[in-house]
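Have a look at the structure below before the remarks.
Naming follows writing order (A, B, C and D), and every chain is counted from residue 1.
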């Protein structure tokens, strides 16, 4: 009897304590412990494939409807179905498709989030970074690192579409977003085409430069060069069990990732191959570039065609399959440099 | 007329596009651009002070009500008023007050989030880390780094309270939380008291050790030693305009922060002093240790007493004031190593 | 009187002590203190210019007289006049001119000393490094880093001459010379021409490679590329007061010197220019490449023509003068990475 | 016949070439190739043991004969028998015994060579480094890093003797010796006793300091502390096959060697033990501290007593033997940081 009374009293006291906590902005760890400290990562974000066949008409409709003077904002964001309310494809990464019409300009600005671009369609547009223009052709990889002035323009007669990848969700979480508009619509062109490649991308550097080293000084990595190396690797090297043949876009001032928060890769899945599944504590966003294939994520098949985008969340098993006769080529970017810098990287089959 | 019709049509088309996007898990950047890319960090988290006079009775009530066999979960979490729904004091940091009663044990486990402790009340409890026990006295700073086995116990006759600081919100965002229970209730004690201090904290190291270097191998930093250094600095050194006299808990294997994601400090605000405000893109959690003072955050005064906890979000101006006759001593921990590792650190007055 | 006796006694005792020391392999510091600890570096090595017009006939005479099967040793060493008895151009560096006749092979071997080559005359010879051949054209810069297999051959119809630069004197001083002959006369060719350039010299790297990072993975740096960058710098950049326009051969895996012990540069002294003298605690070996000019070393003029070699010892003032109408182009290599790694680098005007 | 004539002609031509080379400061590599590129390190320096019983009387005789105002030069240098003409115990290292009499002062100066001291006899002398005095007791390890002001004095009533270790031969080879006298006989004392230990040697550092990181900020490493750690290791840890129990003097700002060019160790050879021979491309200078033992170097036994000094050249096999009942304790310093920084380190049994 007494113990029942005690138990009831105890229960009431607990309820009273619980109800008192929020007013003091306190919470009970014992209430959320199990869901907070899980034996393995439990992600809200989920795997997903955005089909180019769905996105393309919507993107061109956006091009028609969003005015020219908002070209720098004319982007369809790819929103992870598990992260409702966030402009994010993973908790750290953002991805979007941007379209620039002939004659348009995406106004010059800079921001602390880092950005990468992978050109999908059209040619002859340019990105200008710190006074250097680079022409964008399909498959080209272009970076606009943290806090450098950049703008885009399209002086060709075709629409140009590219994939944008940013660390915006992470930098937002870190309460570190800064943004500035350039005083003019476009920054002046002060360096010849290909200048940064000549200065840093051929095995040399100006000896007295004062280049920042935390991001690559190379503005553009042409697809032509990347594909030549991939082809060489496919012909001469052994196949990696998880990634086939894969190259990393390099920061030649450190030997590491191209940006302090994002790593980027181009890979070749050989014809008629089924690679081995693995998983790691970094998230990846893939873009189909050539051929077609399948990424199986925790056993679910995501069949991709060129220009499709697929997200593989952290710690989800994934494997690549290429059933066809042609190599399947995928671009990807990840948040691996963040995970490694904080000593949280794990990988397993 | 015609243009009105066109405008109406355009508006309808835009609405149609908007309503089509969510079904494809797409979003319109032009809709969220301004709020996403702000000229300066705009934080949801806000400054706040948790008063020990409020927290203490609730904590002892929790001690009474949360059973002994859940001692490792008996923590009052300090929840930032701006981050509703999250177990977080900032977007990257967690803080809580833990109480262990005489005879209790907080069971042994390990997890990828890093943790620090600062002892607030009581003495004679212990933390065991990787087979080494350390006795916890008021003001002592103890670390339990990523993925090392740790447990706590209280073999004294007093309740013991400490501040817990973890990077749990960050590691959760990075989808990298792993957790394991130790097979036994407590890990065996395999090293004498003070072993890691003797091995790494006096200017030597075993030459053939294989210590991980990404976190400090020192388990405990006694308050006695820290205060002795602070006193020395107060008597011999110039006053730093923003921080008075401040020491960093050191990782002697790198010369840097004590943990890969968190930096910790002890500081001395001289009597009768008003320091200069500054701000930086890292968040700080302060704990009053001795004396009393004020932190003015964006002009609002937060008057602290010993054991009060104050959070200063990223990029909020803050300055220290000590109106009294005695030095005011504050402990703090921050996410600065994360911000610096990702090249996002900024500081200004 | 007494003091005279004492003084004599004292003198005798001192002599006795002096004469006793050598037998115990002891020496008196007070005897050599002043010469050991000088206010500034006092070098035994001296500046010197080796004239191509003198060396060329001797080199071709050596080619005639040293048998084909000793081609790998058919090198005229440039011996610093101040370092008699040493095979050294500075206390850390070695330089030599090597000549390989049509059809000859310099046998495959490896050694711990690092080597660089700068092609002076002839074309069509090759260097093979770790299974990769590279064709050597005038001005090309080729490395054979520490402990990699290398051999040379000349399948053209012309004699080929290059400058060899090694850290052999340093590695000898460090008692760390290892040397091995390859089991065969030449190593098998296992990689296509230009393989390392494709893999590492264009802004990419194979993501799963396991390249050593302490030396550049790039085997050959073509003169064509280096000169293109220099020309760009000469047209677009400001003139460095000491070095005109100067590029560094880069290790793209670190952003630093091409070899752990040697840094290499190509520089452009503009027409009609007199640069500013400076000095630094690293030694430089210069090779004239194009045009002609003067290096004034501690005020003494050394007028150089293409293929002349000039040594500037550590801490000697030197300045570049180009009185002519054409740019003067110099290659150089230095021991600066050693000096910097040991925190001994100083520079002043 | 003809061929005899040809051969004679050829021989004469070779002789003529040979005799022409020196005048142009050229040499024939083919003449010295085999001795320059040896399959393994061939050292001129040899192993040797300097016996305290021989050195002590000579040292006290020097104390009597070298005047007080030359106290900073009153050092018996230990000269490697294989390096005649050099003030060197190995090609990179210098060792000497210094004696300071009661009331004497070794005048204040600084130099680019780094120095270590290990106190052998007497107590109560001091070393002052950058305004901080440290009292020297037997076994204490004191550093005077590159280019810091330092002086010594003896205010006790006993003579004090210590071992000096410098990188002077290396810094001389690198033509980087700078030296300055302090304007006064002694620098002013500006910091309390033990200041650097309090600031850096207990797990903290002043957060806003601007300490150089290439050498340890700790001035003195007391023997008492080092021995306590060694004793702990001897009781708790497994025995290293080559070194018994061995600690490294640590630079807490890097986790590495105490000086950029020299590493220092204290080791404990357990009673009745014969360790395993090994060799490495760094040279070591040992000093007997407690007990006695044998170092077998390439099979030759060097039996040491306290205060004996033994040199083990690079790449000579050596093993430790302790036949006695007591632990044998050895101090040593090496040039290993140099060898490692230049990627030349090798080790084998």
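The criterion applied here is as follows: a contact is a pair of C-beta atoms (placed from the backbone, for glycine too) under 8 Å apart; a residue touches a chain by one contact, two chains touch by 3 or more.
Predicted model, so just to flag it, every value in this text is computed and none were measured.
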Far-end chain from chain A, centres as C-alpha averages: D
Cα-centroid distance, chain C relative to chain D, in whole angstrom: 29
Geometric centre distance via CA averages, chain D-chain A, whole Å: 52
Intercentroid distance (Cα basis), chain C paired with chain A, Å: 44
Touch-based graph of the chains, sorted into line, ring, star, complete or other: ring
Chain B contact footprint on chain D (complex, rising order): 191-192, 195, 197-208, 213, 216, 218, 221, 225-226, 228-229, 232-233, 236-237, 240, 243, 245-255, 265, 267
Interface residues, chain D side, partner chain C - complex: 10, 13-14, 17, 20-21, 24-30, 32-33, 36-43, 45, 48, 50, 54-55, 58, 61-62, 64-66, 70, 73-81, 87, 90-92, 96, 111-113, 146, 168, 170-180, 214-215, 260-261, 281, 283, 313-315, 335, 338-339, 341-344, 346
